[in-house]
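In this document, chain identifiers A, B, C, D, E and F correspond to the written order of the chains, with residue numbering beginning at 1 in each.
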């Protein structure tokens, strides 16, 4: 869930093209992000809306020198999943997108599209959960909108949040800042949200002890930003997962990234569920994690800061930036391979 | 092709077993492994247990590399 | 991790010791092996002359284009298409299930065919057709749903069988000569079939094989075993914890009860005699092909220019195919080697050589 | 389409209650706004999100002293209607909401929720139309989001826009500023948008020459704001129409408003279509009109400024503020009556 | 505008001149008159003793609660409910069409029943029931769809007739004594029926009536005419440009062809003999009541505490009803006087006296 | 009840007429007004023409107020 059109790398838009046909219809891609059709998106959005902000391809646009603006729409099935709900997701998602630019999130808008017949009780639960998340993050919801549409015109409820933040002093965070030699960290276990949501889907019939990690990261980021310019890149690995974020950093900074398989924090249960379904946990969405690129000399300090925070206690140094232009992983077998980008929906496979 | 995952049998109810891997629970058909017992590991493919994991063979495999190396060393020695 | 590295070191040493020095091509014919080899980076462990090449190991990717067209034809009839997740991106001649779903067809993805049967039972007003895709591993699982549907009189469930079987495809690859010195044989297919079905390989073609598990150490051990025996080709089981010589007798009975062999067309390979499975007459009420009078659309399925057959047989590199990277890309795949994300052409496209 | 939850007066949320039952389900209300269930909305949103910004009940929240923030989601059927489309609507709606606070809109976000299978060609048309409207309004679309959801999970496409503006110098515009003696103006003909969309609906089988008025009003407002504090209230009569906006001003400023039937600018075709369908044109949505409350001495000047602008050429002085606390209309018969607020959906009636 | 004000001045003068001085209650029995009176602010033109009171003039609002329940029952049967926009907010005993639609029932609003018929024709796989609501104005229009459906053999269309007719309801209001000195008679109902159906009013009850148009000047003129004749009560037509003494013979024939009188229950008034219309046997295939075996749900429809009858007869003010403003509000209406946005109770609630 | 709108007949095709009011076009059934001609005004209710507006009567009505006032004035004079 990202800020800028150019960066649809992690969006869920993909378009099908059959042998030589032009793209005709927008296709679904649940687990989104990945390889398909950056080119096309550019064709639809980037050209039409072209300006210096869009071209920056950041999680949030930077306005007036120090104010960030970001937007995201949230749709999730089921609405209530272990560890959270669409309301918490909507607040944390936008709080985190502001944070990822090195900004302190302050104000949110919240726009609801509700299906006729939606239970008021559920709406109240969602709103309460938003209020709680906003309180925890210290942000205010200052404007909103409510639309009710005909039965069948929307799948229960969609929420859009947009957010405004103010840059921390000395912040210079950008997807383009990674340099060879920098160190890559992650704030905790990978794939919890994606797998919690997936295994909560009735049709899959899995029971897992997995909870979504959905959380506001601004507290953690605020602490981290005391390291100032040493913090080079911040990115929340939402749709498309860690793999996609690493790819984006690699592409936008013009660098390579090497990660170490042995250092990747993953819960046993998430790994197991991935094995059942033939899914790569690096492709799973996270909603309370951040990938951090930091100057090498500050890596240990950054790790320490993260570990001292509730939402960073499982943080790890997971890799380093190099000049290979590739995202690679050093396996536990001492070999190395390229990290796959997700394509299309994440679906359970048998093959 | 054919993703299959070793999963521990927790409970058996008729033709269905509750299996577990790393905390992940899935109810699977055991129609093809009629001899399965609670505590066994089964290979689960597409919601069906397709075989029981042979514990002895699994144990045996662990030693195989050492055996192999010995054989190879012997062979190398014998050759040289 | 120390343990894993140790094993790799041992394997390297063993392979070095056993290296015959000649070009030695090992074909894996199971997509999970292809994936594991890539995931563990095992090619890096092998000396240059020992190459791992990918055969037609993904049952979804080898589904013929006109069969996909037939499934789409089915989806036009107000029928719920129930399928494994793997199938929905696979293109037919003009469309895919993914594209049809976008147009409003009801296409539902299940983890297990049993869940699809349950869905049919719980939605008696809907006609549910499960698309039977898969090799021997998956066949008994689908057969089970057909037996159950009959027993429990679930009349709105049927299967469109596109199942394929391994042995005749291996034969087809070898007939006319091949570059393959040894096979990494599929672990889970073999858990069902047992090892005897492969005995024709050394007997008729002088090529050995090892039925392998899917861990790095399994595959490395299997390679070692292939090298050890290369002068006396034979069929061995490395994956003994799961695969018995006789296979899974119960599963074989269920297959035998519900299915019988038939000819089948493989994308990129053409028709292979006796390499498919159709539903027996006894269960004809659950055969979607009969129930809805569905046939592969069009007579021929040859893909103009596609050199998959040659890629699969190790005769050419993917980039020698005239379609490669121009008409045929991972987003817009033509042949099975590109359809499968682990196929030779897809891998070549993504990672270069 | 308004900025703040408390002001759901003009939202489409309504809840049904059957004799003593608690509210259970959110119900549809196409033509939205109106009487039903302000109380309930407050129960769901206002309490949960309560803060000084929400309580202000303006079209846009005012942050950092001079920056406005607003959000709106857009759903319209058909997507392409005479005079515009959902894209133009989404840009103008948010441009106008910033303007209604006396601010110059500068930046927009745009978030799309697209149904799987949506034609790319239509998406391109919509995006092009957004780009053109943004260009006309002089705003930049600086951040975006794209989600694609399963067929049937959304009715083709929804767009959310959020917007940032900066107050004009000397601006002091608020829904609470109207005082007895002030003059009420409207910038042009009433009900064009609502009726254009309604009669474009296939099932009604009407053919009309009516075009939506959808337009960015920031140019007009910028000129008007040269009158400084004399401009007391600006409000765009979107859903709920002119009637609802007058009611809101009356309620929030604690005043009454009297309008003159003979002065209300309405197209003959809109009036006729209203007669066919039994609908009050004061309840119809407008997307390129503004209701202005101005100090009495500046009324003629304001009218002149409006009339000199393309989007204000049919402007009229339509009424005045009094202390009756009621919204009334002086009929052409010399009588007076209360202006009805819309309830629920606008539907064609036979009775 | 000058013209309008002039007319009002003339009307004021005429009414003043003709004012009998005694309390003079004029009941309008057409919702459009009620709306026009309110929209034009005509009450302000009248002297205190001349009161305009609203009768049961909205055919939707007088639909009985158990009939709404019956329609909801229908909507449970996977049937498309086709209706005028007016009906969907009207509450039954536990729900409304609006609420049911929110739960997923298919409720479609049409401007014309002919459009509903067309919809049925274009969607032959759906069963479409049009809810026949309305007085004589609307009846022939609905009858037309039934005739056409039969002629064009559209088998998936039928009508649930809740139609009501005016004369017997007027009689019911007057029987037992009333406070009404004159009727403003409905212009469009009369365009169909002609004026003779009202002749029992002066004859049997000594109360006159004027069939009025809907412009301010029409209504004012009608009031003047009522005042002029109040000593010799009679039935007159003010709305001569639209209403003929004999009515619309073609329309009457169509009604006669398709419908026959029956008893009918009015919300707030109870059962009124001969005040409803049912579909004749000849068209029984298009009678949803028979086709789907639908009846009003429950035996009695009395609304406990509702004093609509008395409000309608001008016997009490709305706020004298024990339910007024507490249980019965515009958002949550109980009786017809609150259901109709122009009903006496709704008006009283919104504007006070 | 019964909203009906006077609308001008522009075109007749069998049982259907195209009518117009203030630029708003609606095709309506004329089954109940078989004598209708192009140029006539009809009252349209729920998509059906329920009567033809009588032009002469419409004209006549305009003068009615004046007539009425005269009558009333005469009466008043007569009375006073």
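Everything that follows uses one rule, which is that a contact is a pair of C-beta atoms (placed from the backbone, for glycine too) under 8 Å apart; a residue touches a chain by one contact, two chains touch by 3 or more.
Computed from a predicted structure; not experimentally measured.
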{"item": "Intersection of contact partners for chain C and chain F", "value": "D"}
{"item": "Identity of the chain that, by mean CA position, is farthest from chain E", "value": "B"}
{"item": "Chain pair whose interface holds the most contacting C-beta pairs", "value": "A-D"}
{"item": "Gap in Å, rounded to a whole number, between the CA centres of chain E and chain D", "value": "34"}
{"item": "Chain centre separation in whole Å, for chain F relative to chain E (CA means)", "value": "22"}
{"item": "Sites on chain B at which at least two other chains make contact", "value": "1-3, 45-47"}
{"item": "Residues within chain D bordering two or more other chains", "value": "25-28, 116-117, 151-152, 205-206, 276, 349-351"}
{"item": "Per-residue overlap in chain C, given as positions that touch at least 2 other chains", "value": "7, 31-32, 58-60, 84, 101-103, 111-112, 115, 134, 138"}
{"item": "Pairs of chains found to touch, sorted by chain label", "value": "A-B, A-C, A-D, A-E, B-C, C-D, D-E, D-F, E-F"}
{"item": "Contacting residues of chain D [partner chain C, same complex]", "value": "116-117, 151-152"}
{"item": "Chain E contact footprint on chain F (complex, rising order)", "value": "1-4, 28-29, 31-34, 43, 45-48, 50-51, 53-55, 57-58, 60-61, 64-65, 68-69, 72, 75-76"}
{"item": "Sites on chain A touched by chain C in the complex", "value": "16-20, 25-28, 35-37, 203-206, 262, 276-277, 331-338, 340, 343-345, 347-351"}
{"item": "Of chain E, residues touching chain A in the complex", "value": "101-104"}
{"item": "Chain A partner contacts - residues on chain B that touch it in the complex", "value": "1-3, 5, 21-27, 44-47"}
